[in-house]
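The structures considered in this document are given below.
Here come two complexes built around chain A, the first alongside chain B, the second alongside chain C.
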Partner chain A sequence: MLEIRDLTTGYGRAQVLWDVTASVADGEIVTLLGPNGAGKTTLVNALSGILRPWSGQVLLNDIDLTATRPHLISQSGIAVVPEGRRIFPDMTVTDNLLIGAYNKRARPHHEGNVERIYEIFPRLSERKRQLAGSMSGGEQQMLAIGRALMAEPSLLLLDEPSLGLAPIIVENIFEVLKQLNQEGLSILLVEQNAVEALNLAGRGYVLEEGRIVGEGSSGELLADERLRKAYLGL
Partner chain B sequence: MKSRRRALTGFAVAFLILLAVPHLAERMDWPGFYLTFMFTAFFWITQSSSWNMLTGYSGYFSFGQGAWFGVGVYTTAVLAGKQGWSFLAALPLAGFTALIVGLLLGLVVFRLRSLGGEIFALTTLAVAFVLAAIARIFAAIDGGRGAFMTSVPLPEFLGEFRPAMYRMTLVIMMLTLVTAYLIYESRLGWGLFAIRDDEQVARGLGVPTFRYKMAALGANAFFGGLMGGVWALQIGFVTVEDVFSIRVPLFVILMSVLGGTRHWMGPVVGSLIIFTIVDRFNSAGFENFNQVFIGSLLILLVLAVREGIYLRIRERWVATASLFGLIIAASVIFNSSSMVWKFLWALLGILLMALIPDRAWQKLALRRRPTPSESREDRETVDA
Partner chain C sequence: MNADLLTQAAVSGALIGGLYALMSLGLSLSWGALENINLAHFMFILFGAYVTYQLTSSAGIDPLLAALIVVPLGFAAGGLLQIFFEWAKVDEFKSLIISFGLFIILQSLARTIWSADFRSLDQSINPYVGSSFTVGSVSLQIPLVIAFVAAALIAFGTQAVMGRTFFGKAVRAVVHDPDTAQAFGVDHRRVGVLLAAIASAYSALAGVLIATFQSLSPTMAVGWFGIVFPVVILGGLGNAVGNFLAGIIIGVAAGVAAVIWGPLSASLVTFSIMVLALLFRPEGLFTRKAAI
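What follows is the complex of A and B.
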């Protein structure tokens, strides 16, 4: 599904990522953990085409994303739920969803997909005509996920979806992610909230100062002494 | 689709009614300045609506309206005024020359990511300065001597000068408004509004941002230039200082922001209100107060109606239209001043209507429909 090989990139002349190698297999949930400033969002930006890799490769279903123009990346099957949600605040909920189906592949199915999103998130269907910016943080996060799903991705990439949300809402949203995964969606979950993320994911990577410093199954990572100290506060 | 057909029918009906006005004016012996007033309003509606296609839709703030306008003015001034082309042959080139200049600018600024925000705004301002310098230097364009449009013959079927100006500006305004509407309702419009809200996310969702921004800039420049091409006739004696002054860009910004930039109708409403107020101020002999007055008015209105007048009155259009009609009727019965004054009073009625805050309006209308912020409060109590 997703193959990241020796990815190196940064901003201007400041290098942020060093030889990052990671993968997500079909139908898997993988989490990427790391402290603030480790380069998690930089990696997300590189995967979504906002940032050009300096070297290395990103393959999605054997298509090289580093050679794909940014606005065509969503068509190739990866959809991003950006950090801080970044929904379109002055558009209605429905318009936010419809604009998620912008790419050519998903466009013809937008009507059915909107209905499907409203089934997944009934809260959103109660607010169809409301301006997205006037909703609560949790609802905005649901909307951001819904908007990403409208692109009919095979891989969903989430950047810190739990940020700033009440634990009960986080649980709610992670439950939905689990469901989506059971229906066949692959997920790469970038998180600081290590416990919740490892409970959901099957495998994980640990990113520190731009390098992958650890990887393993969720069980292994949860048992790792150093990791427990650094991220779990145990 | 159905709503689009209905809207286009509406445009056609409005066009036919407005097209009949010069005949009516002749038959009913209206004062000549009614037509001048109307086609000057068409001019401003076109300029601000075309500006809004770029800045309102995509969020890229432009001071470049003077540049597109100026390129259009000088295209017909040079071709028809100096080279002796027939006016209607020169006119389309006014639009296309502005389009080419606009696209060249776009190629540079939209390719360089560092030129976002304020730098984009300043770059568009600089384009007008550069064009003014070019016009001043080259004698074939202006050379500091100005250009005369007063002896340019107009085709006979357009009628005398005023009706001819009226008809040409009307056609260009309708083309501009239909384009603004079609973009607004299309995938292009959606993409542009997404760019306005968050360009990075828009690109991530598959919006071809570069192409869309070029399209918006192109449409803006084309219609601004086309209307400029006609306007050279009204100016008569074209000079660099006058054409490339800051007047056009400042007024289109003022008009669009006041009317509301998030809807294609916003600039239309804003242009009508501001142009009519300024026109009546001038005719009442207060020319020097204009800038003080307009400046204060803008501050006040922008603070009071942040989303623009149009979006405010759309929610209460029945009441607004009734008030407009009532004021017109009352001033026709009780007041013998010119129609333009009556129009101004009625527009001030609309303004007043827009100034009523949403909350107060709901109390006035004796209706309780929760606003988005209120329904949010409701939900939070349910959550708790």
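What follows is the complex of A and C.
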């Protein structure tokens, strides 16, 4: 599904990622852990076309995304739930969802997909015509996920979807992710909330200072002494 | 003060307000949606008017039919300028400075081509100028009625496109966050170029309508500042219908002020309205904003 090979990138001249190699298999949930400033968001942005890779390869179902023009990446099957949600605050909930369906592949199905999102997140359906910026943080996060699903992705990238949300909402969102995954969606999940993330995911990577410093099944990572000290607060 | 005179001033003001709105819409869209304070729109209007004048006076084309040539030219010019702005990574402030330079250069080009003398299409070739009809005691100039109707159709049409189509939603998404819009498949360069081209086509059309009833001179564009900026600010950047209503408000205010205090007071009044709007409603009278 997703193959990242020796990816390097950064901002201006400042290199942030160094030879990152990682993968997500079909139907897998993989989590990416790491301290603040490790480069997790940078990696997500490089995958979703917000930031251009400097070198290395990103293959999605054997299509090389590093050679794809940024606005065509969503069409090839990656959708992102960005850090801080980045919904369009002055647009209605429905219009935010429709932007998710902008790419040529998903656009013809936008009507059915909007209905589907409203079934997944009934709270959004009560607020269809409300401006997105006037909603609570949890509702905005649901909207960001809904918008990404509108793109009909085969791989969903989520960058700290639980940040700043009440535990009950986080639980609800993780439940939705689990459900979507059972329906076949592959997921790459960046989380600060490492225990929750490892419980949901089958595998994980640890990123530090722009380098992958550890990887393994959730069980292995949960048992790793050093990790437990650094991220799990155990 | 004669009530008939005031009514006439208000009605004529409202009608010409439609034209003011059309003259302002290009700048409003450019500023609001592309973050370019693109003064070249004044030149798209001026050249729209002069090229119409030229087509009618030398080729005998009906001035309104000249729009079929002038509007596509405006569309192309605006699109090309936006391609340059994208390439040069021009921000809001630089766009103001660069387009001010363009304003000066193109204004002297107009003077070189058409001289500083007033140019106008007289009635022998221009069926619109001087024609009017009366309703009650109020006289309505036909070219202003045409401009008003065109402006109304364009304002509401633009609003519908912005609100209902994928293109319109993409424009609004790009305004707020081009990177995220791009991650969902919006080619923000292409959207920008298309929008700039449409905006410039509107300005060129405003020029065509001006040529149907006004005398042209290269310096007239400077006088439009006192109209266009107040309309753009009052209407709310990028808000097509708000811009149309603001055009009418400014048109009526300027017309009535001219009757009561004399013609020189008109720009004092319109600029005062603009300053009040900037102080108390900087997002314009008609724009809906999120609470945050």
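To be clear about the criterion, the second predicted complex is superposed on the first by the 234 of 234 C-alpha atoms of A that agree within 3 Å, B and C clash if a C-alpha of one lies under 4 Å from a C-alpha of the other, contacts with A are read in each partner's own complex, and residues count from 1 in each chain.
Basically, a contact is a pair of C-beta atoms (placed from the backbone, for glycine too) under 8 Å apart; a residue touches a chain by one contact, two chains touch by 3 or more.
Note that the coordinates shown come from a computational prediction; the quantities given were computed from them, not determined experimentally.
On the superposed chain A, the positions of chain B and chain C overlap enough to count as a clash.
Of the two partner chains, neither chain B nor chain C is touched by A:Ile145. In the superposition on chain A, A:Ser136 contacts chain B only, with no contact to chain C. By the document's definition of touching, both partners, chain B and chain C, reach A:Ile73. By the touch criterion defined above, A:Gly49 lies against chain B and chain C together after alignment on the C-alpha atoms of chain A. Contacts of chain A with chain B, set against its contacts with chain C after fitting on chain A, overlap at residues 48-50, 70-75, 80, 82, 86, 88-91, 95, 98-100, 102-104, 131, 134, 147, 151.
The residues of chain B lying in touch with chain A in their complex are 187, 190-191, 193-194, 197-198, 200-209, 262, 372-373, 375-376, 379-380.
Taken together, the chain C residues at the contact with chain A in this complex read 166, 169-170, 172-173, 176-177, 179-188, 288-292.
Residues 48-50, 70-75, 80, 82, 86, 88-91, 95, 98-100, 102-104, 130-131, 134-136, 147, 151 of chain A are the ones touching chain B in the complex. Those residues of chain A that touch chain C in the shared complex are 48-50, 69-75, 79-80, 82, 86, 88-91, 95, 98-100, 102-104, 107, 131-134, 147, 151.
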